[in-house]
Amino acid sequence: MTIGKKILLYLVLILSGFIMFFPIVYAFMISFMQGGEVLQGKLIPENFTLTNYLNAFEKVPLLRYLINSLVVSTVIMLGQLLLCSLAAFAFVFTKFKGKNLLFMLFISTMMIPWEATMVPNFQTIQSLGWLNSFPGLTIPFFAMAFGTFLLRQQFKTIPIELYEASQVSGVSRFKFFLTVVLPISKTSLITLGIYCFLTAWNMYLWPLLVTNDEKVRTVQIGLKQMQTQEIASEWGVVMAGVMLVILPTLLLIFVGQKRLQEGLTRGAIK
Amino acid sequence: MRALELKQMRKSYQADIEVLKGIDIVIEPGEFFVLVGPSGCGKSTLLRMIAGLEEISSGELYIGGAYANKLKPSKRELSMVFQNYALFPHMTVEQNIAFGLHVKKLTKVEQSQRCKEAAEMLGLTPYLKRKPRELSGGQRQRVALARAIVTQDPICLMDEPLSNLDAKLRTKMRSEIRQLQRKLGITMIYVTHDQTEAMTMADRMMILNQGEVQQVGKPLDIYNHPANTFVASFIGAPPMNMVNGYIQNGNVHLPCDTTLPQIHHNLTGEFTIGIRPEHLVRATNTDEATLQAIVTNVEMLGTETLINFQLTDKLQWTARWQGQHAIPLGEKVSFAIKTEDLVFFDDQTKQNTFLEGVEVI
Amino acid sequence: MKKLWVVSILCMLIFMTACSNDSANTEEASEDGKTEVIFWHSMSGELEHVVQEVADGFNAEQDEITVTPVFQGTYEEAITKFNTVAGTEDAPAIMQTFEVGTKYMIDSGKIQPVQKFIDDEGYDMNQWEKNITNYYSVDDTQYSMPFNSSTPVLIYNKDAFKEAGLDPEKAPETYSELKEAAKKLTNDDQVGFSILNYGWFIEELIAVQGGLFVDNDNGRTGNAEKAVFNGEEGLKVFELISEMHKEGTFYNTGQNWDDIRAAFQSGKIAMYLDSSAGIRATVDNAPFEVGAGYLPVPDGVDRQGVIIGGASLWMAKDIDEEKQRAAWEFMKYVTTPDVQAQWHLKSGYFSINPAAYDLPVVQEEWEKYPQLKVTVDQLKNTIPSEATQGALISVFPEARQKVVSAMESLYQGVEPKEALDRAAAEIDQSLEAANRKNGSQ
Amino acid sequence: MSSLNMNVDPKRPTLRKNRFSLASFEGWLYVLPSFILFIIFLFYPMVRTVYLSFFYTDTQGKPLSFAGWENFTTLLSSTSFLTSAKATFLFVLYTVPVGVILALALALLANQKLKGIGFFRTIFSSTMGMSVAASSVIWMFIYNPSIGIANKILNVFGFADMHFLLDPNTALLSVAIATIWMNTGFTFLILLGGLQNIDSQLYESARIAGVSSSYSFRKITLPMLSPTLFFVLTVTMINSFQSFGQIDILTKGGPIDSTNVIVYSIYKDAFINYNIGSASAQAVLLFLCVFILTVIQFKLGERKVHYQ
């Protein structure tokens, strides 16, 4: 690579990085603005004080919400990884009647608009007595067509010889799943895990519907609680809340990104 | 025909880790040149530097006399066969072979003509419409070869092209590649870790270890006159037998109470002494210098027999005898040794004392 | 990897314990002998704190009842949830619903009109502001208890007025004054006037002229069957917007409250209509002097006054009478002058109980924010009628969307009459469908 | 998948049958947990929705009387639904191809071996961590005609102010841009993973052959990346059809219904206008539409996709 090309690449990288990251920086700036500064169209706050952050913690039990979100997202993530990998495994490594039809059925669930399911699901959860509880917040999301689809694509790249080898050596299918399929697919599992976690972290309407209590409520509800309609929202505080809420997810991406990279290079050297 | 010249070529990834430590070599046009060494010795890196896939950290590369350090891979007029063949899974054999030919400013007709020739030469004609995954390992290997020769570049680089094949096929391909090279008269630079491949195929070979050249030369010269203990044990199977001994008063003392009488060199002191297995012949008459040892294992290969025996408590040697010898295990056998068959390596530098100071090319 | 497992297992553990705790929690509440009143509301931001303070005040004052306010998202979200749980044990005792949901709540059959308790106790309703309670009263039955109430006002930039040579102490009162002022205020960087694309403001601008929104006396004497806002009054409003927009003295700020406030505070617009509840924050945040005035009327039209906006508190049916009574106690507490004074000062909404305005705390605040008094006066001067009582429509939210679309089409050059008629026709259809359903019930 | 048959021993017919049904049972066992949850939380509500779409409902969502196809015929003949359908398709058209191409470009950029590339990768994938609600609020400020940065930038380049979200001609496009930004992080990460899985020797081979980089992009990168691309396209298309949060916050379906995509229209009918029958009918139509498109995509796509 010539120096000129390198410089050009870096320029493009920096430019696109700036464009991609700008909205987040903007939110960060707003999170330090007081009162009307935001509405007057300023870009850089007058001074960087933590008042808004303290306010955000005061306004809603943010810490409690953060812990709840962490628990809910982690449980959903683990549940999804488990169920999706099991189902994807079945779609790739077992043979049963109606498999293809079932797969199409699975995929079709992705197309069901959530608006249509919200109210009936709420009633189901209510009749199960799961309102205001972690099962109600998590279990409906354990099955996920998207994740099953993603893992199926990944599992399909595993050479069939590996499966045959395990059959020959008398290893049970489940053991093959645990000891061969899962470790090989680690990268995909981590990617999917991050995705699941983030999606769960960003849920709003469902947690709002099934909870009545700050003991189980999640951060996105907290964010909504900070905004107002008829009265001017304190955007500085709201953005401080946003920053606090996206901090864990950004950290996760940062760490996950590294792990991802490790996983990928390890796979490449082999 | 173009020669290749490497001058003090070095490669380092980080400042302190040097993968190649100054390689100097001239590869003659039309030569079959083999780079051999254990894995991790830097031979593939060297090949990739020649190809232009890796940057040259320092030193100079000349192709056909022209400075080529900064040349793009495609401008070096060479072809390359990769270890895993690097076939495009989504293209047919024909498309794979013809890949990139359009850059050579050939007409469509010429392209397909060349492609057919290459396929014909390698017996791939029936498979032209197939995808790589529908081929056997040997056929894939041939596709990779065809893709290299179709370019008609004067230099061809091969990076362990046979390592994914089974033993029998490997032997067959070995001679095929050699014949092909002769037929086309191209310069071939061939990387392998297999000393047999190197011995059987090379016009000349270069042995690398830990980024340093150990020895360069014709296979037999190297076999007969290994430059150091590394080369001695790397080239030849089974490897050269070695033991620490010393020379005193013109007598060679081996640690197994064996003393060889005369020596026509003026050597004295401690040495690592080596001897090829085939030089440990069965003692037939008593006035020969002999070595007596207990047989621990016997491998009969039909035309020859390998006899393992306990030289000292910790050291086993192997002898290779022509013919079939059913020796019971545990028997004490006498081996005759000729002093001129012994190779003496400096105890400190591990260099062959006979070759010391001699330029080895 | 190990760490990851530890974290996962920990999370699972928390999860498990949380599950097992859950059933215990619900029982605990009733164990201490107090009646628990769950109060669902949609007050977010600073308002949620004020609601909590009111509830805390009530809980501290007596030891029979505990009121627990729970935020349930926007009005729409809360109403969806209420709709689903109404009639079950998960239903709240008190439910806050926006003004346009009034007809819906009445029709739902899941609420208990507060009139019952007023009658039972002979509670004196006259201490409440008639112009507020009227909205939630149908056929002389008080259905819900007004809670957060607001009206629209004209907000303007006094500094800009001075610069344009206008009297900063005198807000434009008629359309011609408004237009003239807007013309003077409009320059390269500033546009004279703006209205949020929100149906409420159109309703108000019609009502202030004494015009009706739907037939059957604004739906107060029978189910509304036809939209009538496309009459003379509505046309005047739309013509005003259309003309000013064509002149370039009207700025389209979209549907977001915050966008229009941003436009005002950044000096992009000099006058706009805002909710009385938002005034104080606007005054605080603006880097210039802010004035407030009454809603403008067309020339030669007598000002009738404004309709109340905001939300009210509803009581659920099908719950223990004891809980209903407890909820009623809380509602009464909320309307006491002291509480209302606090509410008015902290939230910016009106006091339901006008007595609160005479309290020194309020008077002091008014000294600081004379703009607040303007809003109260505007409400006080309102002449009660079907027009200012506000419309009662089952499909009100939908109607508002249609009006917004009509407003938006004005900016695309559609004729005011055409825009209004189209919206009215669409609302007629919806009304017809809704009435048909209700009829077949 | 036919190679899976190989574990069946043809010499022992009795065992064969046993094994097969056992395997079949086992297969179901793995799928069962997901399947049960799908039935409870997706299929049951969907069936209910289909059921309701054939009824007149009261404002509480209870079916009143059978309506036959009327909900559908009313919808299909109403201009507002057709506007919604048009907006939806345009929105998908704006977001999916551009979004995927942008993410692919970023992934190609971030796949270079450069120092500090990890930092850029993190930056590019960072939008994945932003919730739709949070991002929408930020974009609301960016687009704000009076204070937003977007107009300030336009002014710097000498363009006049734009009313991004207020002009029916630009609103959908503006929401689409915000959506593309929100989705890029995830799409980027998946595509980068796909790129890194391509054997580097294929590119080296191309370098030696001396083909142009655009040629090797067309002949190597795209075909090798096709399974990933196919996946990303399918998923972003479905997601795009279901975009809701950004529309709710940025435009509320306006101005003049120009951004009133079907999902938002469903939301309005179900949660604001209490018109459950119509909402259900729209949900059914949306489902069918996405379903058909996905089936077509699978049929066309799987043919073009090269699994290794």
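By written order: A, B, C and D. Residues from 1 in each chain.
In the analysis below, contacts are C-beta pairs under 8 Å (C-beta built on N, C-alpha and C of every residue); 3 or more make two chains touch, one makes a residue touch a chain.
Every value quoted in this text rests on a predicted model; they were computed, and no experiment measured them.
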Quiz item: Excluding chain D, which sets of chains remain joined through contacts?
Solution: A, C | B
Quiz item: If we look at chain A and chain C, which chains touch each of them?
Solution: D
Quiz item: Measuring centre to centre, with centres taken as mean CA positions, what chain is farthest from chain D?
Solution: B
Practice problem: Return the chain label for which the distance between chain Cα mean and whole-protein Cα mean is smallest. | Solution: A
Self-check item: Leading chain pair when contacts are tallied as C-beta pairs
Solution: A-D
Quiz item: In whole angstrom, how far does the Cα centroid of chain A sit from the Cα centroid of chain B?
Solution: 53
Quiz prompt | Centre distance in Å when chain B and chain C are each reduced to the mean of their C-alpha atoms | solution = 88
Self-check item: Approximate Å spacing (C-alpha centroids) for the pair chain A, chain D
Solution: 15
Self-check item: Centre-of-Cα separation between chain D and chain C, whole angstrom
Solution: 37
Quiz item: Which residues does chain A have that touch at least 2 chains other than itself?
Solution: 38-41, 119, 224, 227, 235
Exercise. Would you give the residues of chain B that are in contact with at least 2 other chains, written as numbers and ranges?
Key: none
Self-check item: chain D: positions in contact with at least two other chains
Solution: 61, 144, 146-147, 270-271, 308
Practice problem: Let me know each pair of chains that touch one another. | Solution: A-C, A-D, B-D, C-D
Exercise. Going by the contact rule at the top, pick out the chain D residues touching chain B in the complex.
Key: 199, 201-202, 204-212, 219-220, 223-224, 226, 306, 308
Exercise. Could you pull out which chain A residues touch chain D in their complex?
Key: 6, 9-10, 12-13, 16-17, 20-21, 23-24, 26-27, 30, 38-41, 43, 83-84, 86-87, 89-97, 99, 102, 104-121, 124, 139-140, 142-146, 148-150, 153, 156-157, 160, 163-164, 167, 173, 187-188, 191, 194-195, 198, 201-202, 204, 220, 223-224, 227, 235, 238-239, 242, 245-246, 249-250, 252-254, 257-258, 260-261, 264, 267-268
Quiz prompt | Contact set on chain C toward chain D in their complex | solution = 76-77, 80, 83, 104, 107-108, 197, 252-256, 258-259, 262-263, 266, 268-269, 394-395, 397-398, 401, 404-405, 408-409, 411-412, 430, 433-434, 436-438, 440-441
Practice problem: Would you mind writing out the residues of chain B in touch with chain D in their complex? | Solution: 48, 51-53, 72-75, 78-80, 82-84, 86, 88-91, 99-103, 133, 147, 151
Quiz prompt | chain C residues touching chain A - in the complex, by the definition given at the top | solution = 7-8, 11-12, 14-15, 18-19, 22-23, 25-26, 38, 44-49, 70-74, 77, 80-81, 84-85, 88, 90, 150, 257-258, 261-262, 264-266, 275, 277-278, 281-282, 284-287, 310, 347-348
